[in-house]
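Take a look at the structures listed below.
Here chain A shows up in two complexes: once beside chain B, once beside chain C.
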Partner chain A sequence: MTIGPGALSQRSDRDTTGGIGESTQRPDGHLKVTGEFAYSSDLWHDDMLWGHTLRSPHPHAAIRRVDLTAALALPGVHAVLTHHDLPAATHYGLEFTDQPVLAQDVVRYQGEPVALVAADHPETARRAAALIAVDYDERPLVHDESSATAPGAPVLHPGRTDHHAAHVPHPNIVHRQPIRHGDVAAARARAEVVVRGEYEVGMQDQAFLGPESGLAVPAADGGVDLYVATQWLHVDQRQLAPVLGLPAEKVRLTLSGVGGAFGAREDLSMQAHACLLALRTGRPVKMVYDREQSFFGHVHRHPAKLAYEHGALRDGTLLYVTCRIVLDGGAYASSSPAVVGNAASLGLGPYEVPHADIEALALYTNNPPCGAMRGFGAVQACFAYESQMDKLAAELGLDPVELRRRNAMRQGTVMPTGQPVDSPAPVAELLARVAARPLPPERPWADPAGPTAAPDLRELPGGLSNTSHGEGIVRGVGYAVGIKNVGFSEGFDDYSTARVRLEVVGGEPVAVVHTAAAEVGQGGVTVQAQIARTELGVTHVTLLPADTTVGSAGSTSASRQTYMTGGAVKHACEAVREAVLARARARFGTAAALEAGKVVAADGEVLATLAEVLGEEPVEIEREFRHRPTEPFHPRTGQGRGHVQYSFCAHRAVVEVDTDLGLVKVVELAAAQDVGKALNPRAVAGQIHGGSAQGLGLAVLEEIVVGPDGRVRNPSFTDYLIPTILDVPGMPLDILELADDHAPYGLRGAGEAPTLSATPAIVAAIRQATGLPLRRVPVRPEHLTGTA
Partner chain B sequence: MDFLRPTDWAGALAAKAAHPDAVPIAGGTDVMVELTFDRRRPDRLLDLSGIPELRRWETGERTVRLGAAVPYRAVLDHLAGPLPALALAARTVGSPQIRNRGSVGGNLGAASPAGDSHPALLAAGAEVEAASVRGTRRIPIDAFYTGVKRNALAPDELIRAIHIDRATGPQQFAKVGTRNAMVIAVCAFALALHPHTGTVRTGIGSAAPTPVRAPDAEDYLTGALAGAGLWEDPRPLPEAVRRRFAELAATACRPIDDVRGTARYRVHAVGVLARRTLDRTWDAYTKGLTPCA
Partner chain C sequence: MRVTCTVNGRRQVADHVWEGESLLYVLRERLGLPGAKNACEQGECGSCTIRLDGDLVCACLVAAGQAEGADIRTVEGLAAEDGTLHPVQRAFLDTGAVQCGFCTPGLLMATDELLERVPDPSDADIREALAGNLCRCTGYEAIMDAVRLAAARRAGTGERA
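Take a look at the complex of A and B:
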């Protein structure tokens, strides 16, 4: 028997409508807090086998020979597959079809899948995988820009046919996006102050807690049903069907409980592998990665090297910016092209910059593949341009907030892509809000009872490790602000689908909402129900499980799901409401609205209950919702109306640095963000808190360390450190609601912007405390003590 | 994999004698990680969690006899008075869940240079009570650590208890990690003043192949304190003494570069921790206070 996710039935409290603007509770919140929620790793089928992936230990090697004999001979093993067993398409990918389902004659990164095992016990599968003898011939590798583009460098993907192949300067460059804006040469001649800087961002991991997992069940029709934790069911289906050699309708996906995503579930991980094993064995196959497999089994945030030059007048007015952003895409393209587009188009930050030359590119290397992670190209750029703004402020002797205010973008500002910003852009106000907050008390560790009392170690860098009782501690304050696009850009046909049924159950009207939107923890299930209540005047909403029997919802990424699937649910509800009102008008001659389970006339007179009007005949309507169309960026000039909407967040970080030991405690991380309209204020606050914490992680903790040998040094939570509760400070918020008239309810995507500015704000604060230039994140103790 | 689960100490010793390759497991906070990460697949585990005496402790006149499986939580809650450095170290171990299961005996069995207990044991002075069917012996803590993740136990021996000297003066333990909680040591330092013998002892973690003392620093400080009559007439330490002690402590390190930190940083940080722990302990001594964890 399969445990899948059930429908989520939600009823609002009697004293509220449970509509938009309220902080209604998550329908799955109680289950998650009490440990009852079924995640994809909890999936079970009595007849199931367990799948396991054999991965390459080498970052670049030819495969000379694979011997499966010993693995197949192990009792309990039901199948061992290599690329020879693939029934149809051999490659997949989000943008380019460049990634092998199973390695053929070459592996291009450490951890690349080489073979699959299905066995009756996970331990048996693991042992069988260890018995597979693979004869590798290691090859020279490329690991950075100079090695990837050197004369004679090994070309990782010869004979490229993707849509960027024709215009890249080197075959090891996935995509390159220049932007030419104004006349930089002329502006440079007028500049009174010029600051240059080179910056580096390490490889951050999404570090979700629920590892990749799912259950593939072969079906009687020759197809397969896949229950899986993912971010976009339909893009998985689109990639799986050709690999399985099945029509899309025979590859049915249902969303299972997702334990976090942050971009790491945009690419396929175990989906194709579990389906292949299930179809081969005729048995359901479950796959669950352990933590180490997970670190090798998903893409990471692109590490980046960024070189910037800012020219300004003495009064701080920015004249021009040039920048070059080099992103390491690793062995396969994943979403690197779109990350490049973001890094380039958002590379100047939320500022008025009349002249700019921008270049962003992503490399193919033998490092781990990098792709989507919260902030998506805008994070790396934000660290660099905000570091530059601080450097410029110091050069000019200006307050860093004042310099930013003087150059802040506003509604009407033209982006370097030529696209005007056509909705509120309250950059200066967000900065003013965080700057106006009172600073947290000094020496918070000191007991007010007196100097002899023991310090509260929790308030000090090093925490309970007892490194400081106040010795060496210096406080610093830093500011940053960022800009993130919302929704899919560059001409992508971005849409979502919702099917809404209004029916009577037990005498009461119930809205049944069905979408394929992946709930990854962001609260989409809460918001969709709130929208249905607001639009249909009901209290009881049932959300059907997300699956592929309804049209695509698009990805739960790019801060887009409340905008897009929220928009689709709104759109479908409006159509349902019109149909019900038309039915009522046919009966009563008039009907204007649905309110609190009643059909009412324009003057507010109650005509009938909704249940009476619906009777035995439910109304069901499916609608697609699209945001305004966008355009691709021109391949040479970067011009084009590429983005739908922008999202802005500002941070002020207060840090305490142990200057002797190089340890950092973030004391407070205040944020201000415009969300257009907070459909669920508590959920919005959660997004800002979570995004800020992830930005904090990048500032001082989180990095996948990859050696020049292409090997990962820390694929575990022992040494990949994410913030604990002692690392995450109080995060007071100002949430602005300045409507974007183009968006449903005026809302603005909220999930990513806080991840951008948290990092540079914290680093700016550490710089202020230490006087060190700090060009790289995460900042390590070695960087603060001269012992790198 | 065989799972041996004796219910008394004699049974445990017999099992270990019969199967010297059996890996002892108590709280499992180290062994289970090794198993999960597939770094180790022993043929036999010897589960000691069914032996209640290993979770008991006795506070004697001069020492505390700490059962090998007494969890860190108990050290922290009940033994901060007699064993202040060890209690401070216990407080830095992992998370509450780990502190409820992990034990000093387990730390000694694993003998990782990063084990949090070791610097505190070295500084306080301790003996490891090792037992086998052949008999019982006490191994001085200074002779216990023999290499990276190696100790002085014979293949048929188990750790029954640790005899740790009760504090007669202030003690401190401090550990550098790159996160403010739940972190493995980049380096650690413990210092214990022993006024009754006019000596000091130190312990360094994660900065050499094994946990080590800093003998030159100890000798220097012992001499400086005695020479100036500071034990009898406590006054603030001269800056030159504080600095020299820190320098000598740092020279005791033989660290490596790894993903957690550079060797240079470790040497530097041990010096900083040496100075700070000296300042805190000496300050407490001059005030006649013994700081509690």
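Take a look at the complex of A and C:
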């Protein structure tokens, strides 16, 4: 048997020696560059079968009949399952239990799983699925706010019992969050300038590269071992156990290599299906989605329609903002309620706004389900409020950076939820940093040899397609800044768990760190090892595979893992350190610290080596770590201390646009971000660069196009365009470290904020270059040429 | 059918290959070489980039039968026999060009091929050469750094592949 999830179980010190603050190398880096790192799609087991999912071709239909005869008769097929074969619970979900494991009598979106096949070859499984005859009766669908809430609209989830059902104005509204702040009517009467705008954000996909995949192995005790790429092992386990009809301890999960996540692995995809097939056949079952299955197999970023009104004095001082944000949640709830909470509470941006009326809501429609994606509700709002700030600046004849500076939030600002911002909020400083950078040279395609030389086409919009030699090219510069919450909000009991053992191996002290935190590429494993080195004064750190034999780490999302699992590792290490020092004090009468493998007294005198004090008796301690408690937002007023921490990033974008063809080239995308404390500066830079590139994608490339018929037009990397290395420019960074005293080491979650402001900065630059109003992202060529 | 080829200097035989299988499937599922990755299986992402008789190809677009008799090099063959990392592998680690790492094997193969052809590439050369390899984590900045570093180190040591 070959299973490779233990990729990190070896010592992590091959390349790293440093503690926090150093750009130490990834403990999994060597395996990743040699091709040995075992991703979930690389797993293999003797005797394993391949699973495949049959999905609905219709966005809304009744299922009249399913005939499995031909599929079951295909040689090599071992099982075909429908909802009739489910052993226990039939539905699951992150917030509401509203999503069928397999469709029963109705499908609510194109791509909904209907049946499962296990076969001895993946192609056999695909062919068997194609032989399943499903008789559908298509139903009218709802695809936007007006169709979902029209009189007589089909109610997608009748008889809702979820905790938001009682508050929503219509059963096709998943959740609605109003926020009332100050007195907008009075403020409006004083306003000297008012700007209004309506904006739209398309449906973005996380488009991680490593497809949904995993291996389910039936166990002798009647349970199942699942090796899988996920963002949160324990929430998968919590949803799987009822579906499989097993106690949680018989549903054991181990993280295998994760090829990116960005929110798309927070919901279940193939987990329950692979386990069901494995338990039915008694054989290990591997499932690997192809790219089209992946597009249908995970939630996306909510598309949004946003209407804003900003009122200000002539000097630019903001008096009030009203906004209404309508998010399309698609067929199932996923994490829509929390996305609504974010969109509402962060809907004004990082500004002082004394009066505001805010409303955010998510719809149930027959479109693909939407849920978590990097930025989580804050991305959509940021595009709209930053577009408004530019519009207001233009109306006032003010520089857009100056207008933002005059209204910038700072420490002590009160959010529209009534929550004061109680740690540094250097919004004006971040904008000043990006604004102070020298601009990239004009006409970079021109050959320095002289005006008659041939231009370097690669520096032009359109590139080697030879669409321009410089004619029709205009340049623009745009700015934006955003605010993102860190950690789980609205009263959620958010915690992480770490178990740390300090022991002697081969005469050397070794820290063994065990958490269930999902490493998805961000480098959580790197900083966990750094923290252990710093806290315990050791060089060698072993990271055990993340699994469900240790307590939950919470999700690798919400920019929270360095804060939360980093915090848990820190706390566990501190407890281990105290225990070791107590042991040393019993022996030497004194002991103050662990440094470089030694136990030292307060005056620095070396008392003994750590190995001597530990001897044959390791110290092992498990700790849970919680951030400060938060409160739910009031259902009518939106008031409440709902967030833990805020994260800020600013961008300046420089673009060149071919106005004849509508082609955009982003020439430079500079960012400035406060991260509180960079535990690993190189990894932090990687997060800012990666997040900025995804914001660039939303600005000019990326959209899952869903027609009014509820059908997806482009479920492939041929037609859904993520930025290539030709599309992403140089991205100079300024990283600030202004400590948040409430957080471990003063750190501030960093992964999401850069995804917010990149998009509006780029669109602002395109507006400046072209003079076009541009109220929708992604911006397409036809929006720039007037041929839309 | 049977497919016989040389992979990373070793003769390999795959039996019971179904005619519709790709070279990527044969490498990953029949020869135990999962280093080439399966991110799109339609030639768009470059995660399965390998060398086929020296040419850079997407293994997902090569029918298994086309590999008969071919000389194939995958990411598993980049490091030296004694485990010493190839300079391009080293540079990707040193610059932080690896996050989730799913694109890394393909990018390593493409970078190695670029530096063979163009030892001192300009930034525009690098971007042009790597345009077929998608990365979703890094925003490509660290990858640019890695290629520049690998080129500089190659020049410094006078190494030629």
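In this section, the second predicted complex is superposed on the first by the 775 of 788 C-alpha atoms of A that agree within 3 Å, B and C clash if a C-alpha of one lies under 4 Å from a C-alpha of the other, contacts with A are read in each partner's own complex, and residues count from 1 in each chain.
The rule we apply is simple: contacts are C-beta pairs under 8 Å (C-beta built on N, C-alpha and C of every residue); 3 or more make two chains touch, one makes a residue touch a chain.
Given the structure is predicted, the values throughout are model-derived calculations rather than measurements.
Using the contact criterion defined above for the overlaid structures, shared-chain residue A:Pro369 touches neither chain B nor chain C, since it reaches no partner. Using the contact criterion defined above for the overlaid structures, shared-chain residue A:Gly263 touches neither chain B nor chain C, since it reaches no partner.
In the superposed pair of complexes, A:Pro461 makes contact with chain B only, with no contact to chain C. Look at A:Asp42: by the touch rule set out above, it reaches chain C but stays clear of chain B. In the superposition on chain A, A:Leu663 makes contact with chain B only, not with chain C.
In the superposed pair of complexes, A:Gly638 makes contact with neither chain B nor chain C. Put chain B and chain C next to each other and count what each touches on chain A; the higher total goes to C.
When the two structures are aligned on the shared chain, A:Gly223 is found in touch with neither chain B nor chain C.
In the superposition on chain A, contact is made by A:Thr718 with both chain B and chain C. In the superposed model, A:Gly537 makes contact with neither chain B nor chain C.
Once both structures are placed on chain A, chain A residues 290, 464, 716, 718, 724-726 are touched by chain B and, in the other complex, by chain C. In the complex of the two chains, the chain C residues touching chain A come out as 18, 20-21, 28-29, 32-42, 44-45, 47, 74-76, 78-79, 85, 89, 92-96, 98-105, 108, 124, 126-128, 130-144.
Chain A meets chain B in the complex at residues 126, 290, 292, 454, 461-469, 471-472, 660-663, 665, 701, 705, 713-714, 716, 718-719, 721, 723-727, 780-782, 785, 787-788. Within the complex, the chain A residues that touch chain C are 15, 23, 25-26, 28-30, 32-39, 41-42, 44, 121, 123, 206-211, 257-262, 288, 290-291, 456, 458-459, 464, 520-523, 682-683, 685-686, 689-694, 716-718, 722, 724-726, 728, 730-731.
On chain B, the positions that touch chain A within their shared complex are 33, 36-38, 88, 91-92, 172-184, 186, 259-262, 264-265, 267-269, 272-273, 276, 279-280, 291.
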